[in-house]
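In what follows, subunit A forms one complex with subunit B and a second complex with subunit C.
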Partner chain A sequence: MTLLRNILMRLLSTAITLFGVAVIIFVVIRVVPGNPIAMMLPPGATEADIARLQAQYGFDKSIFEQFMIWLRGVVQGDFGTSISLRQPVSSLVLNRLPATLELSIVALLIAVVIGGTMALTGTRWRNTRKEGAIDVSTGMALSIPDFLWGLVLILLFGVLWPVFHISGRISPALDIDFTTNFYLFEALLRLRFDVLGDLIGHMFMPALALAIPLSAIIAQLLKQSLKETMHLDYVTLSRTHGYGEHHVITRDALPNAILPTLTLVGVQFTFLIGGTVIIERLFSYEGLGNMAIDAVINRDLPLIQGIVILFALIFTLVNLAVDMLYVVLNPRLRHA
Partner chain B sequence: MNAFLEIRNLCVTLKGGAPILRNVSLSVSAGQVHGLVGESGAGKSMIGKAVLGTLPRALAVTRGEIWLDGVDLQTLRPAERRRRIGASAALIPQDPLTALNPARRIGPQITRRLVDILGWSRADAEARALELLAEVQIPDPARVMRSYPHELSGGMRQRILIAAAFAAEPKLIIADEPTTALDVTVQKQILRLIADMQTRHGTALLFVTHDLGVVSKVCDTLSVLYAGKVVEEAQMRRFFMHPIHPYSAALLAATPSYKDPEGSLTPVPQSVIDQVEREVTDHDRRAGL
Partner chain C sequence: MKLSRRSLLKTSAAAATFATVGLPSFAQEIDELVIAYNVNLPSWDPTVGPSAVNPTIQGFYQSIFDLYIPQNPDLSFGQGLITDYGWNDDQTKIWMEVRDGVTWHNGDPFTAEDIAWSLERAANAETGNPIQFIWGKVENITAEGNRVTADVKEYEPTFFKWMSFLTGYVLPKKYYEEVGADGFEAAPIGTGPYMVEKFERNAFVRLKANENYWGGAPAFKSVTIKFVTDAASRVAEIESGNSHVTLEVPYEEFDRLKAKDGIEGVAEPISDIGMIFLNDIDVMTDPNVRKAAALAIDKGLIIERLLSGYGVAIDTMQTPDYAAYDETITVGHDMEKAKELLAESGYSVDNPVKFKIQTTKGFKPKDYEMVQAIVGLWRKVGIEAEIEVYEIAKHYELRAADTLAPAAFYNWGNSVGDPTTSTGFAMFGPSPHSVWDGEETFNMILPLWGEKDEAKRIEGWKAVDRHIAENAEVIPLLQYVQPILHVSGVNVVPHRSGALLPHLMTRA
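Let's turn to the complex of A and B:
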């Protein structure tokens, strides 16, 4: 009963959030200078031409009227037609979404593995010089933004020691006939390890660039809460049972210490997805972010709206998932 | 050797020098209860921690021997030492609220070590846990096994920790102020329970407390500590009738009495504190500290 009510409340608040995002983005991109019509017409177009196109796309109406028209479409699943690409926004966006999701999730996995390993080894080495070295490196990783890490990686693994592909999502020669746009997932399921290797070769650097700052955050926070947990009595008691340091850290301290980190990772993961916009551009990776930049450059208002709404939806879903995971991991919340 | 735990000349120091335990020697035999009393910071708990190998990282055993069941723990490699302690000693901790892992059910917290460390079968370990929970008078043990710590009261949790301590039939149990964190009404029951369990299982018990009243109820022998030094070691009866060291006498005099609740408390006189302080400094000078 309460569970059902909680879910309904979450859905309601998600709907309100998305509506708010829609209003803001709709108004902002119409108020700022720049005009999609101007981008479409050749120089020297007449006033009449401009007015005709304005009317065709409905830009002659008031913002409120435009919004109502758009909203009516959205409710029916129609997000409008891209001005620059002349295709339905929904199919454009959904075709690109898998690429960005794969990139973000791989980045998240890398961040969790690197950050978690650093936190665990740092806890093991607590109060020694080695822990200091970990603190310094996470501090550095954190203070450099993801797009700069992208450039550093391109320099290292694209130029000086070219082992990874620096642009694109897949080598054109390899482009097999995918039935979905989840290339990585599909290659794995179809056991096409050659394709998988190529995909990873393309994805590795952008994913790592996105992952480095997040891994540093995970390492710092998780190590801190692990160190605090290590002083608790049940950890001491576990030691007296004959368990060694490794067991005590990973089996006793970790399940409790991970909770605050989990919340933060949820929030940070949404930042990471935001980071894909620039990173995808940097690595010419054909995802949503790259499309978003093109849409902004072309003042493709319907496409911008569609992408922003989708990002907002992903953010709220990620937060929902984190909250649910939190309840699963923390028995004290399970009965509430 | 008939003492199950024998500590000889144990010195523990803060890394960098300051002494925490000064030449502590004591022994506990099977079936015997030895009390460790002293003020806060006297090092009572540190003795238990040194035995169990759970000293804070900033502290280290610098000298002395800890014989457990005929083996000097100080000569063992860490893994072997842990295994030995896990198999033959157990701790009843001070605060039952923090001594159980909040993320795990009670059952596994009792049975885990039996399975992992001592190689029992899961079924045997579970049967044993149920039996022990019944022995510590927990109603509906099967349900409690499936509960999480936050669903149980402090007294229940301390009972569970006592059951867990006896689970592997250890020959030595170290109880570190096991009643301090509890409600006064529960304290007495828990004390009774520990004493009963100890008698029934014939365990050697090292009982750390600052409460002389508690000591008089459960202990056979005791050591009085001041600044990490044993100032008096005695049989219980003799100690309460004729304390030898003036500090012991002053501690006894400072214990509030039920018979005379209005009577003023006698603080430990400055002259006595000066005397024990002098003894400690003398000891340090002889030890070349």
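Let's turn to the complex of A and C:
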């Protein structure tokens, strides 16, 4: 009952958070300079033309009235119509969401694999040159932001050794009609390995660029946790039972050491999704982030609102999921 | 390091892979032309919404749809779906002859009814066409055989020129009425040289050649246009051979890449200009300050140093390709004269005149750097300008509200080359695109809007430009040069409008 009540409380706080985000974003994007109507005014526009356009897009009403109209729509699942793309915001963002989710999840997996491997290797060979090399590598990975890693990867694997695609999500020439927008998962389920290979060829560089800084964070934190755990009594006991170092690290130390890393990964995953905005632009990847930049440039207010709300929803749900996972993995919390 | 047989084999395999996979496609025969374009295509209907007035995406539209009247690469007007046109003697009617034997992409015959319907639709306020102030100047549009006629409500000398400009596209009456706006957006058809085969928003559009195109089938049967908005990624696209053509790369990269084997470059002036709007408020009401600001700018030096020589210095808002270009109108660069003028108004290097200049940063090539250089030159004569960086959206808002700073950098496009669509809209006070309210200029421009004598009209605009230059009411800086990079296997014909058109590309 306690767990269920916690979940319900978190869902309630999520709803309140989203409402707060909606209010803030609605007001802020209307207060900052850059009126979308001014951007579409033809040179011969008269005062009447301007008034007509203002009324057409609902900008002739007060911000409060605009918000209430928008909120009524949102409650019914209508997030308005994009000014620049002239399509319903809800379908636009939902069509793009899978691309960003796939990219973020693949980046997270890469980060966990690289970061985890480095942490385990550094722990196994602690106080050796190998650990020193890992520390230097993680320091370097952290000191360079993801978009710069993106440029480095483009230079390496796009230009000097062109084995991966520089832009896009899928090759235009591929003959496939997807049923969903989860291309990667759908290609896998349909056993279309040619398509899968093409998708990975497009996704690898942006995902790796996003993953490198996160992998360094995971490596540093997990290695530190493992080091601390390795000195605990139960680990020493495991050694006295004759288990090898590999077994002691992976079977005994890791399950306890991973908990703080898990929390951090949850928090960092939300930052990683935020990082897709720049990375998707750099790699012309057709996700939410790329669309968000266009929406801001074009002052497409309904689209900006829709994207921000969706990002906020993802952030809160990820945090909720991490908290729940933490409870499941930590017996002390589970039985509290 | 110990070299084993296994490691040697691995190294050899990696080297072989490197050599094979790393071979750029510009060394191979081109079956499908790939273009890395610098902008996204938001919407397919070229006649409504914000996309319709976005000059940077007209190249997409012109690949699928035909303009009523096409423009040749040198901006001269050609024969297209409309083969001949004109006014009657007293200019109360217009007439157009429509091309025979053209078909839409779905096989339907194109008729004069399509022209009449497209014009009626453009003039209808409910469709949301932003250029109704032009299209609404004719009525009673009638199609008979291959001839379309209409009554002129209000004489508009640029009416036919707008048929080559924003929203001047012919759409399919029968198909559009069948599928509606949403259906058309999902599956657009035109009479243009290419047909839309596949469109992924924000990613790419794949085009298939229209073999029945009235102007002859394009050389490349399949074209993929990738939307690569980041300049560094476009450089990588062409350098790696992933794309065969790209545009709008930094000039330094343009020079570097065109020197490489297999890559060539074309850099021709286009119809975009860079300029400084002067708002006649505060110190800008003083003609000495304005004239000094104009005289202190060494445009040639800025083009040479900042734009690697890629630009054409201009002194009016007309480029040499425009109808009202007058080479005798010059401003020049004279620091001493600038100091004298400022001294007349009581300003000097020690007691500088102060104002704000607004600019974008990265919106156009070296925009911010150019303004920095200009501010440096101004400082030497006694002008202290504070730079404010703003987004382009803010520029539009401030300009429409007539609240731009005393000076503001901007670019202006005018692919039809008529003076009304450059000097006219930029300098006529009531226009939402103008911040100049001077009465003299207003009175000079006013009678030109409806002037029926074309020669007199053009001379009138030249007089306006001379007046503006003499009084430094705006500071035109340069005509931009568009850098296009392409692999050696492709011939690219640049278009002065700045539109990169795949049907003008052929195999080398």
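Quick notes on this one:
In this section, the second predicted complex is superposed on the first by the 334 of 336 C-alpha atoms of A that agree within 3 Å, B and C clash if a C-alpha of one lies under 4 Å from a C-alpha of the other, contacts with A are read in each partner's own complex, and residues count from 1 in each chain.
FYI, a contact is a pair of C-beta atoms (placed from the backbone, for glycine too) under 8 Å apart; a residue touches a chain by one contact, two chains touch by 3 or more.
Everything quoted here is computed from the prediction, not taken from an experiment.
Superposition model on subunit A: subunit B and subunit C are shown accommodated side by side without a clash. Once the two complexes are overlaid on the shared chain, A:N330 sits against subunit B while remaining clear of subunit C.
After overlaying the two complexes on the shared chain, residue contacts for A:N127 are found with subunit B alone; subunit C is out of touch. When the shared chain is aligned, subunit B comes close enough to touch A:L237, but subunit C does not. When subunit B and subunit C are set side by side, the one touching more residues of subunit A is C.
Figure note: vertex subunit A, arms to subunit B and subunit C, all at CA centres after fitting on chain A; angle 150 degrees, rounded to a multiple of 10. By the document's definition of touching, of the two partners only subunit B reaches A:P255; subunit C does not. When the two complexes are overlaid on their common chain A, residue A:R299 makes contact with subunit C while staying clear of subunit B.
Distance between subunit B and subunit C in the overlay is 26 Å (nearest C-alpha pair, rounded to whole angstrom). In the superposition on chain A, none of the residues of subunit A is touched both by subunit B in one structure and by subunit C in the other. Residues of subunit A touching subunit B in their complex: 126-127, 232-234, 236-244, 252, 255-256, 329-332.
Only residues 33-36, 38-46, 49-50, 52, 56, 83-87, 96, 151, 154-155, 158-163, 165-170, 172-173, 281-284, 286, 290-291, 294, 297-299 of subunit A touch subunit C when the two sit together in their complex. Residue ranges on subunit B touching subunit A, taken from their complex, read 52-54, 57, 78-79, 82-83, 85-87, 89-91, 93-95, 98-104, 109, 112-113, 116-117, 148, 150, 161. Considering their complex, residues 17-18, 21-22, 24, 32, 36, 40, 42-43, 45, 48-51, 53, 125, 128, 130-134, 185, 198, 200-204, 206, 224, 226-230, 232-233, 236-237, 239-242, 390-394, 396-401, 421, 424-425, 431-433 of subunit C touch subunit A.
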